[in-house]
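Two complexes are shown next, each including subunit A; its partner changes from subunit B in the first to subunit C in the second.
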Partner chain A sequence: MVRRIDRDQQRFDKIIKGKVRQQLRKYINHGEMIGRKGRETVSIPVPNIEIPHFQHGEKGSGGVGQGEGDVGEAIGRGQDDGDGKGQAGNQQGQHIREVELSLDELADMLGEALELPRIEPKGDDALTSKKDRYTSISPTGPDSLRHFKRTYKRALKRMIATNNYDPIKPSIIPTKDDERFRSWKTVSEPHTNAAVIYMMDVSGSMTDVQKEIVRTESFWIDTWLKRQYDGIERRYIVHDAVAHEVDEDTFYRIRESGGTRISSAYRAANQIIQRDFPPSLWNIYCFQFSDGDNWGEDNTECIENLKQNIIPICNLFCYGQVRSPYGSGDFIKELRKIEEEWDNLILSEIDDKEAIYGSIKTFLGTGK
Partner chain B sequence: MMTVINQLNHELKQLAGSQSAQPSTITLAATGKIEVIIDFTSVNSMSCSLKEVRVNVPSLTQATFDKLKEWGQKLCQRVTYLLENIGPLEYDEDAGQVLIRSTPPDQNQAGTRFYEIILSSHSNGHFSLKRFEYQKGQSGRTQVDIQVTHEVLRKFIEDLVDTVP
Partner chain C sequence: MVVTTHRPLPKELSDIQQEMEQHALDYGLDFFKTIFEVLDYEELSMFAAYGGFPVRYPHWRFGAQYDELMKGYSYGLQKIYEMVINTDPCYAYLLSANDITDQKLVIAHVYGHCDFFKNNAWFSHTNRKMLDQMANHATRMNRHIDDYGYETVEMFIDTCLSLESLIDPYSPHVRRMQKTPTKEEAKKQSADENESSGRFPAKQYMDPYINPEEILEEEANEKRKKAQELADQMKFPKERLRDVLFFLIQYAPLEDWQRDVLSIIRDEAYYFAPQGQTKIMNEGWASFWHSTIMTRHGLTDEGLINYADHHSGTMATSPNRLNPYKLGIELLKDIEERWNKGQFGPEYENCSDMFKKENWNQDLGLGREKIFEVRRIHNDITFIDTFLTPEFCHKNQMFSFAYNDSNRTYEIQSREFEQIKQQLLNSLSNHGRPVIYVQDGNYKNRGELYLEHEYLGVELKLDYAQDTLVNLQAIWKRPVNIETVVDDRPTILSYDGKKHSTNSKEKE
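Right, the complex of A and B next:
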């Protein structure tokens, strides 16, 4: 039977999720939840949730009194109001309440809001991962894994067999030999995996605002892909004129002042794919972000590298051109020339934070 | 030999009143075999509009990257009288190039305008100044003319030649 408090909790959760769903676009575009990301959950500030509370009556309007005094004696109203400075505000107070949502719930909301199709992984489930499954019983083990039912059953059997069991006054005392413990077997489980390679231009023309946009968009892409695949491996590449593989934290914080050679990032991505992710086994996703200000003569090498090495083995190759204070560069024009040849090449121009929502839909709306 | 400024004055007098979509290119010679090339699109008695200013500096052929950086920094310090201040944005040592742009660019409701200077030490020391415009909603940016008075142009060319390392 469902307890009333559980029912109330479910109702409350439903209200909160409805609020989050209503304002999802705002959360997506402004990245309000990214800094609050936990391991499996995110905390979201949800304003204007009315929490039920007790209403107290007016002071002195009756009730139970305590202390000295006779029946019928008037109760004092306490001290007069203080004469401190300041006036009460005339605006409604802002009530912010933080709620926790799992990343899976968030991904589902994203999918619903953007009407994203579920991804159909390519290839077969050829990859395996080792997992411990508690499927067997062992005579030895730690106390924390003791199987009480089995232990007492064995003790009962033994006591009955040795005629020590009294059904009138049942008392079962397990011995060391009766003890049974849960035990695990390591099994290989087939599953589909995805490798996601993020590439970002960190040259002098990319400012912190552009990087914040990339960060927000990457968070949502990550959330969605994690929901779609059993395992996600991520790699991060930053580049100016030279590319480096870095960790996630560095990816979002680093700033360089070098020139821009996008081909260096493509070479690094190709090396990572060859080294870690055989294309026949992995669903490979590449997401690249730049302001499009590539040094002119580098464009030819970029396009060749993409056509020869990267696009053919990727589920998706997504290029997001983020507008910098100097406008949008010309690299996207080069990619538009080959856009029709490849249905897994997706291009998006991200003018500002408001454009993140549409850009995610463009990237992930293909269902690949 | 006439100074660069005298040559420029002479050319401006010659071109006064001219206006055409096809730029009129003039070349000025300075000491050290420096060549200043200007593509004018129109010139009147007080001001002019130009497509690009280029400078060839043979002495900077295969110069160290530090020299190029030094030129860029000096230039940014001296040239403070254009529509926006300029500052170095990207240094590409491998390509021997320095990218300088308006910092910050001129931004308004319609879009963005900025100067872009590229200094390069490849094959020949080279300077190029252009102005670009980005309009909101458009893909990419377009080159636009640089509008300056004769006086500003004279000062700019003087500073440009003076700062060559």
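Right, the complex of A and C next:
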């Protein structure tokens, strides 16, 4: 039976999630507000929903308290201050409520807000993977897989049927014919796998602010792609003048300095693809973030590499250029020259945090 | 449908209940039959979210409250031990996880509340069959939902709740509505009006004698007065009206179902109002009895620490929030002691010898009788007004604090008795909410609604006030105005359905 309160709570849940949906833009641009909770859920702080009343403000308000203290001593802060945690008097501070959402729900909201098309996986449905499932029973097999219960039951049945069963001394002795074993079936499942390769420029000109933007944007891209594919593999590459493959944590934290050679990252990406993700089997996504301050003579090699090796095999190749106070931001100009030729090459300039929202839409709005 | 899910108390608890009930009766407490139920925390939170009632109409705020209680409990921030509602019979809910000493304390506490509900004058007009009433409200609400859709009704409930505090909490105790004149009376009145101009026909030379100037003037004055009276009658409401909800139910252009929803909200607001008016006394009274009964009868050796812990937790004070339990119990104890010793009346008041005053003891033994009288006739405001003494404030380290606009903090303002008392009474009046009247239902002769905020030194929270005006307008349909004070200047806030405006009053 559904209790009344569950119904009311569900309703409230819906309302408050609606609130998140309404303000999704804010949450997208400020990814730091979103807290990870376990593998599949996140928590988002939402200002409490209140029904407005005529009520007293702070000006001229006061109250009566008990305890030590001299006249003029401060006992609490007002509400308008800071994050609204401080409170005093007879009024309650504004509560912040944590809403728990699954990543899937979040992805759906994102899709709805940005009007993202569902991704049509490349390749055919025949793309399958084989898996062994222990779902059947067989009369032969190794002892380690013997199904004890079934074996026992068969033995019991046989002994009762042959009148060998003695209830006083119920010993059951299975014979070879009674034995049953767990066995597997090989099933093939249609599979769409996606590989995402993130590349980030960590040269001296990329400050923490830029990295924060990259981090936020990657989180949303991840969330969306995860919702679209069953399994998603991620690889991270950082580069300055040379490129390294790193793990996720390092990717977000690393701070290097030095010059910039984007071609090194492309080479590394290419290697990873060759090694792990045969393009015929995988939907490959590349996201590259940089401030666009590349070494001039490196550009030719970059474009060549992209055209020859990377863009043709990717579902999407996205380049996000983050504005940095130090970089020249020229690289995007080079890419613009070949933008026409490839419809899976997407470029986006991210000026500041507020631009993340639009940038995600540009990247994922193609439905590829 | 069965309203409660009553399960009989386990033997262990029903023994305690009977024991505590007997003690309460022995001390002269007088209560309706009290039915106890044991609930787990989820159930208790559910009841608490519904204000103690098992069946309420569906609304998200109950779910929000429930969510908050459950989270608060699971994070170990708060815990409800018990709940009791003002009905006949009284229903009280105990938390199953309470330790046995806690159960004893809580049961004794509950009997205090039950006695208070039954005997305090401010509760005398509440509906003791509220359990049924609430269930009826739910049925009515559900019917409207079936007819008009969940979201339509929910939205309207939200609108009404925004105004729910605009009631007249004293109205059940006084007759405010003037009798409206009957038709005949009105007819007769208007017949009088039509009578002549007062001047008799006369030859010119006789005129000063037949129509003396001063008499004519007097008559003219009288007429003017009557006209004014008539105009007053045209004005509506005739006198400013505190029960804004009643006014809206009467005069706002609402559909039948909306009128019904609004009156449900109003009825429930009136039911809960006395609990706000008597928080300090009610909790103080219940605490007084749990401590009396427990310390004299209920305590066992092994329960002592637990009891002390629980009791002191309940009585904890903090500098920026007054604990109604603590203030209530201390003040009641103080009254009992003063009346036992005879520390009251003109002789005591006028005694200027502090030493003599402190040791004043006439062994009157009137204390117990006095506090029973207090619990019968007082609410928080009259309670504080009558019994708060400088000695008490000093002993309990009380102070008043105020908001300092310049550095946005609350600061201790004074330890002077008069100021403390004044501040306390202010913050208690209307349960800390602004007092608002309907002044005019036909403002500017344009059918606009004009409310007046009775300014007592604290200004309205502006953004909330504007949001509330939006809801008010949704009900009244025509523009709405409220006269208040903003930045120390009399101001009228208005909302016409499209935009807000703020005008200082002098301009009008």
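Here is the rule we go by: the second predicted complex is superposed on the first by the 252 of 368 C-alpha atoms of A that agree within 3 Å, B and C clash if a C-alpha of one lies under 4 Å from a C-alpha of the other, contacts with A are read in each partner's own complex, and residues count from 1 in each chain.
The rule is simple: contacts are C-beta pairs under 8 Å (C-beta built on N, C-alpha and C of every residue); 3 or more make two chains touch, one makes a residue touch a chain.
The structure displayed is predicted, hence computed values, not measured ones.
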Does the superposition put A:P142 against subunit B (first), subunit C (second), both, or neither? neither
Based on the superposed arrangement, let me know which partner A:Q10 touches: subunit B (first), subunit C (second), both, or neither? second
Which partner, once the models are overlaid, touches more of subunit A's residues, subunit C or subunit B? C
On the A-aligned overlay, A:P170 touches which partner chain: subunit B = first, subunit C = second, or both, or neither? neither
State whether A:A241 touches subunit B only (first), subunit C only (second), both chains, or neither. first
Listed in rising order, the residues of subunit B that touch subunit A in the complex are 88-95, 97, 99, 101, 104-105, 107, 111-112, 114, 132, 134, 136, 139-141
Can you list the subunit A residues touching subunit B in their complex? 203-205, 240-242, 257-261, 292, 295, 325-330, 332-333, 349, 351
Which residues of subunit C touch subunit A in their complex? 46, 49-50, 55-56, 58-64, 66-68, 154, 158, 161-166, 317-323, 326, 396-403, 405, 407-415, 420, 423-424, 426-427, 432-434, 436, 453, 457-465, 467-468, 471, 482
Could you list, by residue number, the parts of subunit A that touch subunit C in their complex? 3-5, 7-13, 15, 48-49, 51-78, 80-81, 87-91, 95, 97
